[in-house]
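Next up: some structures, all given as structure tokens.
There are two complexes below, and they share chain A, which is joined by chain B in the first and by chain C in the second.
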Partner chain A sequence: MLVCLCNCTDDVSLLMVLLDTNPFFWSTSKSTSLSFSNFLSHVLAFLNSVLLLNQFNQVVVIATGFNTCDYVYDSSSSPTNQRAETLLRKFEEFVVKDEQLSKEDTVDGIGNSLLSGSLSMALCCILKSNSNDIQRVFRSGSLHPQPRILCLHGSPDGPGQYVAVMNAIFSAQRSMVPIDSCVLGVQHSAFLQQASYITGGVYLKPQQLDGLFQYLSTVFGTDLHSRRFLQLPKPVGVDFRASCFCHKNTIDMGYICSVCLSIFCKHHKKCSTCGSVFGQAQTNAPSTSNQKRKTPDT
Partner chain B sequence: MSGQTFEPSKPEPPLYYTSKHSSTRRRMNNFEYREINNGDGRRFNREAEEEEDDEEDDEGNGRGLDAWERAYADDRSWEALQEDESGLLRPIDNKTLYHAQYRRRLRSLSSSSTGSRIQKGLIRYLYIVVDLSRAAAEMDFKPSRMVVVAKQIEAFIREFFDQNPLSQIGLVTIKDGVAQCLTDLGGSPESHVKALMGKLECSGDSSLQNALDLVHDYLCQIPSYGHREVLFLYSALSTCDPGDIMETIQKCKKSKIRCSVIGLSAEIFICKYLCQETGGSYSIALDESHLKDLVLEHAPPPPAIAEFAIANLIKMGFPQRAAEGVISICSCHKEAKVGGGYTCPRCKARVCELPTECRICGLTLVSSPHLARSFHHLFPITPFDDVSPSTLSKNPHHKLPKNCFGCQQSLCDPGNKPCPCVVCPKCKQHFCLDCDIYIHESLHNCPGCESFSQSQSVGGSMEE
Partner chain C sequence: MASGKVIKRAKYKSSVKDPGVPGILEMMDDRFIFTPNNPKLSSSLSVQFKLIKGHKFTKEGSHKHALLNLTQDQGGSYIFEFENFSDRDVCREFVGRATTMAGEAGKTSSEPSAVTPQDEQLISTQEMERRIKLLQEDGELQKLHKQFVIGGILTEAEFWATRKKLLDRNTSSVIKQRAGFKSAMLADVKPAADGRIFAEKPAVHQAFLKFVPRKMTEKDFWNKYCRAEYLHSTKNPVAAAAEAAEDEELAVFLKNDDVWASEARRKIRRVDPTLDMEADEGDDYIHLPDHGLSRDDSKDAIDSPYEEYRRSLSQVLNRHGAVVLEGRSIDVELGDTRSVAEALARSKQVELANEASDGNANQERLDRISQLAEIEDLQPPRDPPLAPLFIKDPRDYFDSQQANALKTLGDTLVETRQMKCNLSTSEAYGSLRECISEIKIAGLSDPIVKPEIAFKVFNGLTQNISSTKYHLGKNPQESVLDRLPNITKDELLHHWTSIQELLKHFWSSYPITTSYLYVKVGRLKDAMSQIYPKLQEIKESVQSDFRHQVSLLVQPMLQALDAAFAHYDADLQKRSAKGGDRTNGYDRMRSIKLHYAIIGLKFKFRRITISERALPSCLVQFIKLHSVFYFEILC
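For the complex of A and B:
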């Protein structure tokens, strides 16, 4: 109570919700026990409860599609009495647009949705809605509605998005925006595990998708200030292994190009990313490790 | 200072500035508070790490306080004002100015790195040499040169490790004509900052040669693929050397040590010569914010000069995070710890933190996010093109989207006139100026390109 008196503004939150609308994920009944309409009703109830927690709370919904991403709903610009209607109408428009764009594409498997795009958009939006001056946001990080990002994601990770997703994660970390993630698919998402771990958010993979609303409201509904007093799910273990650039294998020991930090699983003569030629790597290797061992001891 | 010939490139503010300044303050009080707040807000933000200022900022941008109630934070506030045509004082419209500055920087960066395959020196071994001679006590920087320098170095060290996660920094101080190693090369920002803050006292002369000799000896030991760099923060106007400094400079040149100097007083020939010979940069700080900019310029990795470091493949390990609750003895502190460690994949020794080197087998241990932190240097996003209002009025059928693609903010003035905005050359989406800066300086992703799967597949093949 005493704490609340001095920083009462902590309770206002800006919640960016990224909804995965990948049609290939939602249409495969194997991948989830939850239908898309059920999912939406859970999420709508959750969004309403967040908005009711504090009258200044703001919710922005971004749809992460298969071919495009877009803003679907912003509570600050929509009338309060028709929340669900506006959201669903915009949502439908988005799904139609997404579908039109995907006509010519043939997809094998579930495919991946554009997480990197929606994360980037969410970060831009957080930047703008908090302050007109950009310096304040990514230098000091003290913001006034407390922003956070919640990813409701089901599709598997797209390896091609790796660099972009990591860039977004580091930018969020710099602006002190936690990325919460709720994984709806069968597999764990290594991207979102790392995102939540690095930015200090919560990573959760619900066991029972029928009770999604309960998971959402108990874990992700609380603002950042109240989180300190709660026992939230702990990260189970994050996979920090890298995948090599040449075969995309996950490796726990490998060779790094000293110029561009590309990862290879075998010794190469030339770096395929930056084109530098490696000189005497083999002969040099033992001597460098000897030299380098001196540094930590001194 | 006596007997030395130099060109003072930084004018000391003459005395009458103070009187003029106080009259400016008095006149300013007659204007709207809002305007003053805007001007001051900019200055506050520049010095965002000062907590006092942050608190002020938080009070609704100081709107709750009158101008005379606010803390006196800025000692050159007149520089944020300009006279308009009717002779009134106005705060300089800093937004467009700031943006223009940033565009220039961006363009110079992209032009210097021609070609798609840029080589950058991503593994750097940098010694920061802090001059703590008598001159560092000068009070032209408030409260004194050394305090300001220490503050900037602290910010720099954090930024440096953010951008160069696999690099190492060491600190050296010059005092009483003797160079002393404060911290060895290492990768932990906290230990460097602590060591520097504990040693902030100055005396005696400064010696460039002693410092160079010391750093040269240390940097000769590092592996050949590392980039050897020295950054001097030089307050003194002279150097008091035991021997021939020219020989030392040639020695550094031969060992491919890139020396850069940031001066706090005036340009000195020997520093300029040192930087020219070794391929570094030499600059003089005009005031505190300029010093900050100059110091932070050294944080991004410099373009690699092929001969400076030999490209090499380094064997590295990616340790798994050990499961919670497992008890084992870590090799770095030699203590039994519960959970939360990493296991070296080669010798299975336990280490506490990454990145580090395994104490047992010498393998460099990193995690994949550490490597990913550097990737934006390698895959930079293209600068956006300006969309000026004049080109829009010429061909009105070229439709301008209403909102910024990134933040959905309207791209129009309250008067429904189009604001200056930028367009991504790849995905043709429009962005506002704030998003433009954020995208290029912090995010390193174009939200437009990332939001369309077609462009994704083009870039994706190269990225992973």
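For the complex of A and C:
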């Protein structure tokens, strides 16, 4: 049982790291700038430094696979020596499992990894550790480590996961867990951009991928308490304007399905997303402009 | 109208302690005139009753003088001292009549005057008070009021016309209530003919209908009633029984009320069958005999023969409460006992008929019992009819947002080309495994990051951070306004509210149908044009750090004002075109284009040079309108 004796624990972090292990992404990335082995060495060094920053820091690594995701490493339950070895062994097991679950021989494009799944797992882990920690707080009088999620993601967004990912983002927002994101792929990620924006985390797309460790330790290494005093990269802002489902045009004013919140630029008889049948829009409501104008009276 | 006029001797005083100027007070229908005996001492008075708000007077009999104080609408008052109280009273009555009449006349005359909004004399004092109260409560409103109403841009009426809701909120008009019975108990009620006795004692009601006037006079009837009440008040059932045996009619009053009892039984039948009285037993007083009222135990010993002559206080209380709650069911001119009794009887019959009409009430009651006493285990689960949400393709949601989200990050469509992975699944996984084993064997590279690359990263990050440092306003946690100096912030907010106020009035005046609106729009336009230089001043006054943000904030204000001006000009042009000043189509087109060009350039160039020939008449007008800016016109 770990009992914290010092009271100044505002800089203790619980860091959930989500590693993208989409094999198709990494096989294309190999030729460009960052191979998976290089990536792992950067990340391992980063995890070590986080654990060295504070002896009560906790790191949990979740692998975001193509077919599944799983916990790969938890610093609180692993022996302090041979961290890298444990992590890599579990990683190999995970890759094997992920491969076994795959059904198709080839994939169109580079596919998407299961971001929604790993985000949900991270949140579960945080909430579970929080509930454990509440007991610990009462016993030792110290605060529980402040949780945050770091997404190291390379695969493009999976549109099919939209609802699940957004749900995860909003529950993270509710439980005050910031989601930091570091995008390794060629494209920006709309998911992670929104996730970081909504939860107040940092979104970063490094230009120099061979200096990944430097980015990680400079931007994502700091705990939440210290962040208040630091000037971290700020988001440029997210354009929340929606585009209609029917023509993908950006619109300022439109129709919304009251059942599933789909957006349309003109009135439809039936919602194309959820199949709800709409009533007649009230276009010919009596307008006040027809009424005779009156000058203001006393 | 009031009867002619009244002329009395009186002294006019400016205050109560003032000795006063003796003279003649003459009161007429619409005004009163005071003429001093000595015209040199003070000038004569002539005041309309319209302006008199109320009057006060001293009480007769005290050692005071006979004073009449007429208070004026705008404050101030006229005090008159009369020689005696009777003179004063005559005048007082006259003033009372005259002021009410003047008030009514004012009301009727205010209806047509509503068309001319400038007429503000007729706002009721109540309304005025409400406005003052609102202004006192809301500092911002007060500022606006001061700026526009006192500044003469808007009239009082215009200002408040847009805030009717604010005013209405305070006037929760009292709905006139129909008076019910007083809650006073019958014990001390005289046999008054307001139907209360009949309502509370149906037996008396029945007896009245039966006996009066055939068997006895009304007087005898009430005598007997009072006798019975007396016997009740003695609380001696034995004596009551004895008297009842002798007098048949008296017995009617003394015995328990049959009608009442049957009515109670009927009511009990309507009570929810599942009501559990026992469950309430723990409540205060209910478990006590006679509801906690003190009572004499000795009387309990009396046996049943006299039971019907006893009346418990709680019964009377209950009955009384029920009648008061029911309220008056008849609207008969009170006075004649007979007619009241008959009217009550009619209304009772209607009630009974109504109840009888739903004859299947008993059946309903049985249904209710079976409904309420349902056995939950045997019921099917009652779920509300639900259609499960069925989303065919959640990808649409993503697509509808992704495009915009990525645009802001500077991703071009070219970059989003799909990379083709030319490996099969097994090959891909194989290479991934290879990578892992590679690092297992080789271990972490040393150094992890080359110094040059680390330096590059630092540089990049620093640049990125310093460039996004002033990207404010996009982050919901910080507001640009909070970073500005307080004075600038307040000023900006104030300008924004005043622009809103002006624009609200401006746009609500269109289409211009009356000359009044035309004048109003002109006033508003002048006021709006005065805001431009003020905004410019703010921009110039702030430090260079904030100037960009301030100009960003000012931008929408300017746009809103520009739109109003553009509309004003277009409207003006339309009017002038209609009004005979016909320029040909080409000229008009060109001038409109110029208009917009000038509006666009307004802030870039403060001096515009245009030759005379290129100036159609409406453009000259336009330049005159925007006289705030300096235009130099070369001939």
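The criterion applied here is as follows: the second predicted complex is superposed on the first by the 232 of 298 C-alpha atoms of A that agree within 3 Å, B and C clash if a C-alpha of one lies under 4 Å from a C-alpha of the other, contacts with A are read in each partner's own complex, and residues count from 1 in each chain.
Everything below uses one rule, namely that a contact is a pair of C-beta atoms (placed from the backbone, for glycine too) under 8 Å apart; a residue touches a chain by one contact, two chains touch by 3 or more.
Computed from a prediction, not measured in an experiment: that's the story for all the values here.
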Which superposed partner A:Q187 touches (first chain B, second chain C, both, neither): second
First, second, both or neither for A:G275, with chain B first and chain C second: both
Which superposed partner A:S155 touches (first chain B, second chain C, both, neither): neither
Which of chain B and chain C A:I263 touches, first, second, both or neither: both
Which of chain B and chain C A:S13 touches, first, second, both or neither: neither
Partner chain in contact with A:R241 - chain B first, chain C second, else both or neither: both
Which superposed partner A:N167 touches (first chain B, second chain C, both, neither): first
Chain B versus chain C as contact partner of A:T199, first or second or both or neither: neither
Interface residues of chain A shared between complexes with chain B and chain C: 102, 105, 159-163, 166, 194, 234, 237-243, 245, 248, 259-260, 263, 273-275, 293, 295-296, 298
Parts of chain B lying in touch with chain A, wherever the complex brings them together: 41-42, 45-46, 48-49, 54, 57-58, 117-123, 162, 166, 168, 184-186, 221-226, 304, 309-321, 323-324, 345-346, 354, 356-357, 359, 362-364, 366-369, 371-376, 378-379, 404-409, 432, 434-435, 437-439, 441-447, 450-454, 456-457, 459-461, 463-464
Residues on chain A engaged by chain B in the complex (per definition of touch): 66-71, 74, 101-102, 105, 114, 116-118, 120-121, 123-125, 127-129, 132-140, 142, 144, 158-164, 166-171, 174-175, 194, 198, 234, 237-243, 245, 248, 251-261, 263-264, 267-268, 271, 273-281, 284-285, 288-296, 298
Chain A - residues contacting chain C, complex: 21, 23-24, 26-28, 30, 35-38, 40-42, 44-45, 84-85, 88, 91-92, 95-96, 98-99, 102, 104-107, 109-111, 156-157, 159-163, 166, 186-188, 190, 193-194, 200, 205-208, 210-215, 218-219, 231-245, 248, 250, 259-260, 262-263, 272-275, 293, 295-298
Chain C residues touching chain A - in the complex, by the definition given at the top: 110, 114-115, 117, 119-120, 122-123, 157-158, 161-162, 389-409, 411, 415-416, 418-421, 423-429, 431-433, 435-440, 442-445, 448-450, 453-454, 456-458, 460-461, 464-465, 468-469, 471, 474-475, 477, 511, 513-514, 516-517
